[in-house]
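Consider the two complexes below, in which chain A is the common component and chain B and chain C are the respective partners.
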Partner chain A sequence: MSMYTEYSTKLPKKIIDEVKESVPENISDSKLKKVLDECVREFENSQVEAGEAVGLVSAESIGEPGTQMTLNTFHFAGVAEMNVTMGLPRIIEILDGRKSLTTPMMEIYLKKPYNKGDNNIRKLALAIKGNRLRDIVSEISIDIADNSLKIVLSKDKMREIELTEATVLKTLQKSVKNYNVKMEGVEISLKAKSKETTLNDLYKMKEKVKTVHMSGVKGVTQVLPVKRDDEYIIITAGSNLKDILEMEEVDATRTTTNDIFEIEGVLGIEAARKAIIDEVFKVIESQGLNVDVRHIMLVADTMCTSGVVRGITRYGIVSQKSSVLARASFETPIKHIIQASLIGEVDNLNSVVENVMINQPVPIGTGLPKLRIKRQK
Partner chain B sequence: MGEVYINSKFAGTVDDSRQFVQHIKDERRKGVIPNNVNVHYNEKIDEVQVESSRGRARRPLIVVKDGRPLLTEKHVKQLEKNEISWSDLIKQGVIEFLDAAEEENCFVAFTEQDLTLEHTHMEVSPLVMLGLATSLVPYGNFNQSTRLNAGSKNQKQALGFYAANYSVRMDMDVNVLHTPQLPLVETVMNEISGYAKHPAGQNMVIAIMSYKGYNMEDAIILNQGSIDRGLGRSSYFRPSVAEELRYAGGLIDEISIPDKTVKGYKSEKDYRFLEEDGIIYPEAKFKEADVIIGKTSPPRFLSSLDEYNLASSTRRESSVSAKHGEQGIVDFVLITESEEGNKLVQVRVRDERIPEIGDKFTSRHGQKGVVGIIVPLADMPFSASGIVPDIIFSPHGIPSRMTIAHLIEMVAGKVGSLAGRTINGTTFDAEPEDQLRRELMDLGFRENGMETMYNGLTGEMYQAKIFIGDMYYLKLKHMVANKLHSRARGPIQLLTRQPTEGRAKEGGLRLGEMEKDTFVAHGASLLLKERFDSDRTIVPVCEECGIIAVRDDFKKRSYCPICGDSAEISSIEVSYAFKLILDEFKSLGIYPKLVLENKY
Partner chain C sequence: MVEVDITKHILVPKHTKLSDKEKKEVLESYNVTLDDLPRIRISDPAIKHLHPKVGDMIKVLRKSPTAGESVFYRGVIDV
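Here is the complex of A and B:
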């Protein structure tokens, strides 16, 4: 045991654990030392040399095959209207750290009894699907004479998702202010409380009331039970990780979303980092390109080191650069120069761009080692 | 009740629009209404638009009545005998011009066979769908449309015989092909457009095969023997112009051999071609930097004080000399007067352009390529009958581009050259391929155009039969002699002290940001610095205030204009561009303070 602790500073825990597993339990100390020494040698050998421009190599390694990426969005074969942004637009979306995705999507894994492909999965899927008022109405009309909205509900659609008229009325009453919501025979009427409500206001209200959340999980617009390997999972369009994970039937350990910010909010920054890596790698793989994961890991790391996910944009990680000149050489130079001059910023000329600007060796590779000599008096 | 508009202005209403429109058309065909009037009837809103305004694109069509074209055999015969002309046909209402709007109401047949009772018009020829240059492409209907586009674009760049009076013209930057020929495989457009007066190519023997890889990536291989016999030779003409400009104060430029006292005098050697009048003599063989027209100008910035100053008489040298890398022979000297009445000298120089590696050639099918190698006649492959190709074209250029017409032209050209006649290759109306093949067989060749060929280097027979034929090749105006460029040292820009840009200014080749990245990725930091050293400067910096100080070389000392003599001044090496941006910061009121530190 002591031998392992001795090496815990020299080797990562994962490698030590691996060694532990693969050597016989009664291995002699001298033999174990030999094994571990060899591990250390191999480990150090595979480390990146000091002064290697890892960031730039990553950028080139992702960027070069990126030029060959198609702008196509792939479609799920045979499934109607379930497409996901793939290819270059998706990569840009991830790396820019965009808050709202063009196609948010979830893969919901279910716990043991529920993941069988029987009737229940269909029910569950429908329960997950977020229904808005527009999904259950057959008609909404504006009554100009009465200054009110008339909503006719669709009985068939409501039966399908097990919704009663009473609950619809209740949720509407809760979410709509300034209007009197009443049941009038088969239709629900919304009448403005104030008399100054114009037709224009009414029209806006009509659009607004359509989006009122009725049942299921908010944000999930489509559900699709799919067989994956031996079990059934639910793929959704639209994402709401927090609410889904709270559901009893859901296997929270495997359920994911492609919305990185949602993962960051629910599961934390480490999970977000992993999500970035997985999402980018998924795209690159789907395009049949061959990029080493470690390049993507580096990018994900830089996006996450500040504790929150920052995109690689002038508002994101570029704004975090310490050098004024480096920031100015990216986008909007005037803004940065003026900002820096106002607070008297000092540029220590520590990275590549600044040194290219002032024509000095860049502190990378051969430019890194410095000679220190004692002056003779 | 239909509304009638004349040139988009409301004119009135008619009861029966259809009849009204037909009436206008009939009167137009009779010649009562001018033939440049077009009518368009919009059935949906019952509206008649009569147009006679200018600027409408119109095209001719044969009028069809009851399923029969009005143009009859009789007309054709009369046309052939020159008894009637095109305008007579228009007058007779046999042919009329339609604009885009009227065409909407018409039903146009493509050929006579297509005609039905419903048709109102027929195309004059399927060729009208093509432009001039495109209809010059033989067998164009066998090519992909993109290739036709490329082919017609290339034709516009071909060297030829652009004007018969070229020898007395002073055109800028023109080329003349020495021995232009008419194409063996031609189209009717060749005759219509008067191609015989402006031929722009030569018939060459093409073999489709590879030759040691020198025709990879669209390159072509040229036969040195053919070049020696004048294939692809052209002359390049460019005038040099000098004018005796007049300046304020009665001063004037002078065209003469500059005096040695003149400011900016080059060297005696540079002026050696000039005669007493200061102009180079005809047929002089000049090289770069040689003066073509000697000229001096009065001194610049002449203030009133200088007029009394004797020294002000030093004139500036402002001769016109051959540009960097330029050479040639003086062709023609013209002394005349400009519009302002100043003496104007134009010297046209000529340069013979013999095909060399890098010159661009093309067939008429968008199959452009650059000369990859010029092979000695003795090393060229030859056929059993002793024919040596002028050009070896790569077979890889064919499958992806699908220029079938290129292949057909080769067969047709072969027939043409053997039978001693031109072949009609008009698009949609050409001599059929199988007929050509039969004729080729009758002439004693394989009907598919293949021939047994022998390796020119070893004399061995090639296993494969080689497709060989004649086709019309064009030399394009892009020649390496006009494009070749390199630089080691050279002129720099005044503002940034960085190398100038572009070939004309003998500029540097930019090492851009992405190229810079590759240096960084390799960790070649010091090499990178060396590459960016072109504008490096040593500047003195005041260590106290961090602003660039002043170096007085005369007194051999540096001082800071702010902190005075006492301040510590150190010299640092930076790019001049950086010094420049510091100056720009200062002009914006930003204080860029340099904090110095010992590097070692």
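Here is the complex of A and C:
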């Protein structure tokens, strides 16, 4: 065994494991050393050369199959309308580091007794679904005569999610300011406190009051229990990782979301890196394309080196480049050049793009080594 | 409401804080300074339990689909 640990700094774990599996158990140390030495030689041969333009290779390797991706969103076959952004738009969304996604989604795994798929899961799914006032009302009308809104609640919908009129009234009283909220018979009335409330204000209030959060998890708009392998999971539209993980029934080790920024906030930068790789790879795989993970890993690493997720845009990682010319060569050149001239920025011409611009050898491959001479006195 | 231990989440790799001696060894072996390393925020939820200080070095043991396991280092920064 000591032989393997000796090589653990020279070879990756996966190769050592493969060797362990392939050689006979009673192999002599000298023979094993020969095998491992050969592995090291082969491994070092297949490593990327210093100075190789790996970023360029990655860009082309992801870009070329990207031209063949579908441009549409695809729909979950059969089940209640739930669609997911896939294909090129999704890849662009991830790599640009967009904060708001077109279709945020979560996969909620449940702990042991809850993932069996009996009636409990239905109940749980309904408890997770975030309900706003608009989901439980049957009518909202405006009473111009006394500057008030009249809300009629739907009894059926409220019974379904186990909500009482009293709690609705309480949440409304808490979240609505400048209005007196009270029960009037079967309806809830919101009466403006100030006399100068215009009709326009009332209309605005009507739209605002519809979005008041009532029960469940904020942000989750749809829930769908699905069977995956031999357990039931809940897929949701809308995402709120922090609140979901804190629920008792939820398996907090496997539950994920497709919102990279939420993962960064709740699970940290390394988890975000993993999520970027997984999400991009999932899209590429679902399109039947073949891109080596290493390219995606490089992109994800680049996005996560600064400690926060930065998209590959002019506001993201490109704005972090030290060279003025490199920034100017990406997008909005005039803005960068004017800004640099105003503050007297210096460009040391250390990288690739700026050297291409001034027609000098680029520091890549054979352009990387420099000759240094000690001058004789 | 349950207290969530996020270090057990499948997306979170193992983070460890290096001692000053280990830190020096790593920096010397790569011939870099701490500023050259990729960064991690001091408020990052995955290193909260390590109680890091600015200037510490975090070792991340990633599970890699290509290498099985790979080691990555990050320097702790403010914000």
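Assume the second predicted complex is superposed on the first by the 328 of 377 C-alpha atoms of A that agree within 3 Å, B and C clash if a C-alpha of one lies under 4 Å from a C-alpha of the other, contacts with A are read in each partner's own complex, and residues count from 1 in each chain.
Rule of thumb we're sticking to: a contact is a pair of C-beta atoms (placed from the backbone, for glycine too) under 8 Å apart; a residue touches a chain by one contact, two chains touch by 3 or more.
Since we're looking at a predicted model, the values are computed, not measured.
Engineer: Mind working out whether A:Leu126 is in touch with chain B, chain C, both or neither, as first, second, both or neither?
Structural biologist: neither
Engineer: Can A:Leu245 be said to touch chain B (first), chain C (second), both, or neither?
Structural biologist: second
Engineer: Report for A:Cys39: first if it touches chain B alone, second if chain C alone, otherwise both or neither.
Structural biologist: Neither partner.
Engineer: Should A:Val57 be classified as contacting the first partner (chain B), the second (chain C), both, or neither?
Structural biologist: first
Engineer: Could you look at A:Ile312 and tell me whether it touches chain B, chain C, both or neither (first, second, both, neither)?
Structural biologist: Neither partner.
Engineer: Touching A:Met3, do we find chain B (first), chain C (second), both, or neither?
Structural biologist: neither
Engineer: Under the touch definition given earlier, write down the residues of chain A that touch chain B in their complex.
Structural biologist: Of all residues in chain A, those touching chain B are 51-53, 56-57, 59-60, 337-338, 341, 346, 352, 356-368, 370-373.
Engineer: Can you tell me which positions in chain C touch chain A when the two form their complex?
Structural biologist: Within the complex, chain C touches chain A at residues 1-2, 4-6, 8-13, 15, 38-41, 44-47, 60, 62, 64-70, 72, 74, 77.
Engineer: Where on chain A does chain C make contact in their complex?
Structural biologist: Touching chain C: residues 12-17, 245-248, 252-254, 256, 263, 265-271, 274-275, 293-294, 297, 301, 304-308 of chain A.
Engineer: Using the touch definition from the top, list the residues of chain B that touch chain A in their complex.
Structural biologist: 516-518, 520-529, 532-533, 535-536, 573-575, 577-578, 581, 585, 590-591, 595, 600
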